[in-house]
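One structure, as structure tokens, below. Some questions next.
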């Protein structure tokens, strides 16, 4: 195996494109090194992107934030601006692994590892985050949900890698939340999860909503029916029941060592409902420009 | 396959080593530098026994490549005591009988020190969550929590 | 004579008797007599047994005395974790 | 031997809480564990493991591996001399397959090379021709008459007919007339239970360093609970004389029974022999899960009858355990201990042990007892709940006590169960109010405790300090406890004593550190060794005073004249006798070698409160209190540590830990990610209350304490959860999907 730490995105893309055999990008390494240890992959080239400008920074852009691909969970959690704007995305990444893992894991890595159970992905999908992909032919932007295409598979072409993630601006009275179910209190992979992003009006009526579920399908599910159940309501019990039912109905999970189909379907609804209530509280307590 | 030459700082000492490209920092510490205080309980980031800090961040050294240590500042359990003076956490672990077999102890001490440097007055719940990535199979964690809380109080001057 | 209690799954070797009487004054003599008088017990004695004598479990202590009024219970070899 | 009867006394050192002697090394990272040892010229050893749960090995071609640069030795099972039979053979075959791979992860070949990369390449180049055989991993499947036969030749003579050849052991205990007993009951509950196999989960993987010369002498350094047992197994495997193999126990990073045998050590020795260089093998965590020794999984059917005022009239249990592809006697201990906490007129437990294509079980803290007592304590609780009776009152009414004929045969002497139950009843925890969705559970626990072969030497150094040499790896602070007992007996301060764990060739035989035996048995031998040293010191003082040896007694660390004709001499402290010893006859030492009996059983009672999320089935343990009879607690911190650590292992067993096999017979969760041991944030404080009912069989009244604490949590949590959700749970672990299904099942 070769290790390289290029100084520019172009150099990184060229290395990845020219690599003979298996090439992998290293940001936090919390998935990559585990897969190497278990023998699941044996890369011929590992490209460490942390020495590239911009990979470890968070910058304001278009009312939102651009988050470098190597920004760790701990760094993201310490950023007051992102935390205030997209608390659900921040809490989702913070749920990944231990304090030690937080010192290294990244949004981009969590996305590109393409696990159906990745914690930050449903939250990013709910947030309508976009990614900037760098490849041999330059940069392109796309929605986060376009990256994972199935367990362990991404839409990234040879030589391409995710350089940053953009969390957009959003109006007043809006917020998000993410919840997952794990058997312990820490250290587990999500059995199922839900990210909810809401925009309320000044009276607390839901204007728009996005509900994304994790670990209940091969990729994150954006559940339009669940979101529709909230729009035009003040998230009364009937609306929340409808949300939960729609979420459960949309889930198409599998039985495995971490959970059963019945459990995942039911609890996906429970989590969507609970996350919606948290997002609503956050949105309602937010001091908007027009209040 | 040629090895990679790495310049780094370990416990404040300038250190050079050669490692394979795919070699984790933990193996470098243990096998090349003979700093065997960091332990391998799993090699997959699930147990925390290999905890070190890298540029001030708590990490699992099994999930860091040795090559990534270039230019970094690493601290390990071997750097915790000051000569013959133990760190208050080390002392409190002894006084509270917070270790039995002791295999997890280096990782837990490194992790707890990182916590107290960030938050000198953590609650019991905060300590438990901060240390959730450090498995201990002997103690049931009870005396570890007591020791960390007591050390924090002492370090605050309480 | 010493009365020795035999655990249930060995009673195929004692014609169903829960207790048997043997001539013995020590741990070792109890085992030897059991193996001699009840040959069906020999394989288990070979695999390993203990004796509880008056409530105390003895492991391979050949010369531990056994009195006629002792409570003697045959037990398999045991180990802990 | 005569029993060493307990004598009431005032303690000066025993019962205090001094710092442990190995503490500084462990908090600074200096302590050397199994993987920390190196030797010049050392090679990396690795084991090739079967991917199949059951396969005949038709051939193994190692020729390519031998040609790889850096590879110094390649071995298979065929390289070992023909080992006789019995456990030594089973242990070796479990390390490395002979003709069949018996479980996924079974070693089939091994290499030693100059680098990890060369070793890995060598493993890859070995070609094993497997004939895949049908496998069986579950108890019920393995018992069926037409089940694939896992391993032939182990069926014991008294196993009832009608099962497959995998059913190898039949155990039955009990007494009284069950039919008559059940006839007197106002209610009989019959319920079946299942528990998953769990792993000890020690954080340190197995590791060893072996060095063998062409003269056949060898050294082995390993993390083990018993280096004498390791020596015996390895010497048998390699056809060596035990005297030629010196085994040194490293610091041990947890064992809990799992390091009472060997898994890699004979392989490392054989590789070293072939390569002529030292070889180190360190297991990966995946290897630990797949190829070391988890505990048994179990099925059980329990039937208990009770009168409406809470008297148990009869009780029976049918237990079925599987512990992998080799025999074990865990089923006996489960069958014996199932009803040990009760004074019953009619009781019977029957057990069957079943072979499966899983790793050979190893001991795990009170082996066999937790799964049996779990089932019994669950049914007792169900009966209490049915009649609206207080679960502690019912246990007090039926509790075993001095004079009870135990369910496994012997009559109990002084035991602490009633005191422990009363302590639980009086504790504020028991009367504290419960919140919504919360339930409170109670369970008793029991373990036999053992003694066994033990050797101790105690040397009086010329400077008046004392060196104790013992041979049991220190797994829970025993060096401190042994030093404390030596100091107590000699009447000197704790800090003048240092206890070391010697290698196999430096002191006589010692049984494995297991069965909660060390503080009891090594303590006993240490006290006897100290007595011998005191006798000699009195003799030396007598010589110096010119009086008769019998006129000198030992008190408060000094020789003192006693009796009418002893004369008037100032007490002579140990330090002075020691300093003068070269002039009075030479070095002074005491030693004692014994097969210690009279360990004294131990009982515990656990109280726990749990809260179940009715929408997800997630269980939170909100309060937990452990009560245990420890006999005299030598170092109370370490006794508490055993009580807390065992409780938390039991909590993990109850809620989340399990070996999960797929239909392909492969373990699906061989890592700490999905084999979920409790983490710090899962737990509340584990409160403890030590009861000190002296063990009549130890001079200080010491009982073993290490194992009992893992027994009660399984049922305590089950009972708390069952009460919280309003339906009885009967399978472990109570994972959230199972719990949620039970909650939904109750509603429908």
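So that you can tell them apart, the chains are marked A, B, C and D in the order they are listed, and the count of residues begins at 1 in each.
Following the convention adopted for this analysis, a residue touches a chain if its C-beta (ideal position, glycine included) is under 8 Å from a C-beta of that chain, and two chains touch if they have at least 3 such contacts.
Note that the coordinates shown come from a computational prediction; the quantities given were computed from them, not determined experimentally.
**Student:** Counting hops between chains that touch, how far apart are subunit B and subunit C?
**Tutor:** Contact-graph shortest path, subunit B to subunit C, evaluates to 2.
**Student:** Which chains lie in contact with each of subunit A and subunit D?
**Tutor:** Output, common partners of subunit A and subunit D: B.
**Student:** Could you let me know which interface, A-B or B-D, is made of more C-beta pairs in contact?
**Tutor:** B-D
**Student:** Please report how many Å separate the Cα centroid of subunit A from that of subunit C, as a whole number.
**Tutor:** 67
**Student:** On a C-alpha centroid basis, what's the spacing between subunit A and subunit B, in Å?
**Tutor:** The answer is 29 Å.
**Student:** Could you please state the distance in Å, as a whole number, between where the Cα atoms of subunit C are centred and where those of subunit D are centred?
**Tutor:** The separation of the two C-alpha centroids amounts to 26 Å.
**Student:** Quick one: which residues in subunit D touch 2 or more of the other chains?
**Tutor:** 200, 256, 284, 672-673, 678-679, 681
**Student:** So which bits of subunit C are touching at least two other chains?
**Tutor:** Answer for subunit C, listing residues that touch two or more other chains: there are none.
**Student:** By residue number and range, which residues of subunit A touch two or more other chains?
**Tutor:** Expected reply: 37-38, 185-187.
**Student:** So, with touch as defined above, which chain pairs make the list?
**Tutor:** A-B, A-D, B-D, C-D
**Student:** Can you check the complex and tell me which residues of subunit D touch subunit A?
**Tutor:** So the residues of subunit D in touch with subunit A come to 284, 286, 615-618, 655-656, 660, 668-669, 672-674, 676, 678-679, 681-682, 735-737, 740-741.
**Student:** What residues of subunit B sit close enough to touch subunit A in their complex?
**Tutor:** 1, 4, 20-22, 24, 43-46, 48, 51, 54, 57-60, 62-65, 67-68, 70, 111, 114-115, 129-134
**Student:** Which part of subunit D faces subunit C closely enough to touch in the complex?
**Tutor:** It comes out as residues 1, 3, 156-158, 170-175, 200, 256-258, 260, 329, 332-333, 336, 348, 350, 362-367, 408-413, 447-452, 512, 514-517, 595, 597-599, 697, 704, 707.
**Student:** Touching residues of subunit D toward subunit B in the complex: what are they?
**Tutor:** For subunit D paired with subunit B, touching residues are 17, 19-20, 22-33, 35-36, 38, 117, 200-205, 251-256, 282, 284-285, 475-477, 637-638, 640-641, 644-649, 671-673, 677-681, 683, 685-686.
**Student:** Along subunit A, where are the residues that touch subunit B in the complex?
**Tutor:** Where subunit A meets subunit B, its residues are 1-3, 5, 26, 29-30, 33-34, 36-38, 43, 46, 48, 50, 72, 74, 97-101, 103-104, 185-187.
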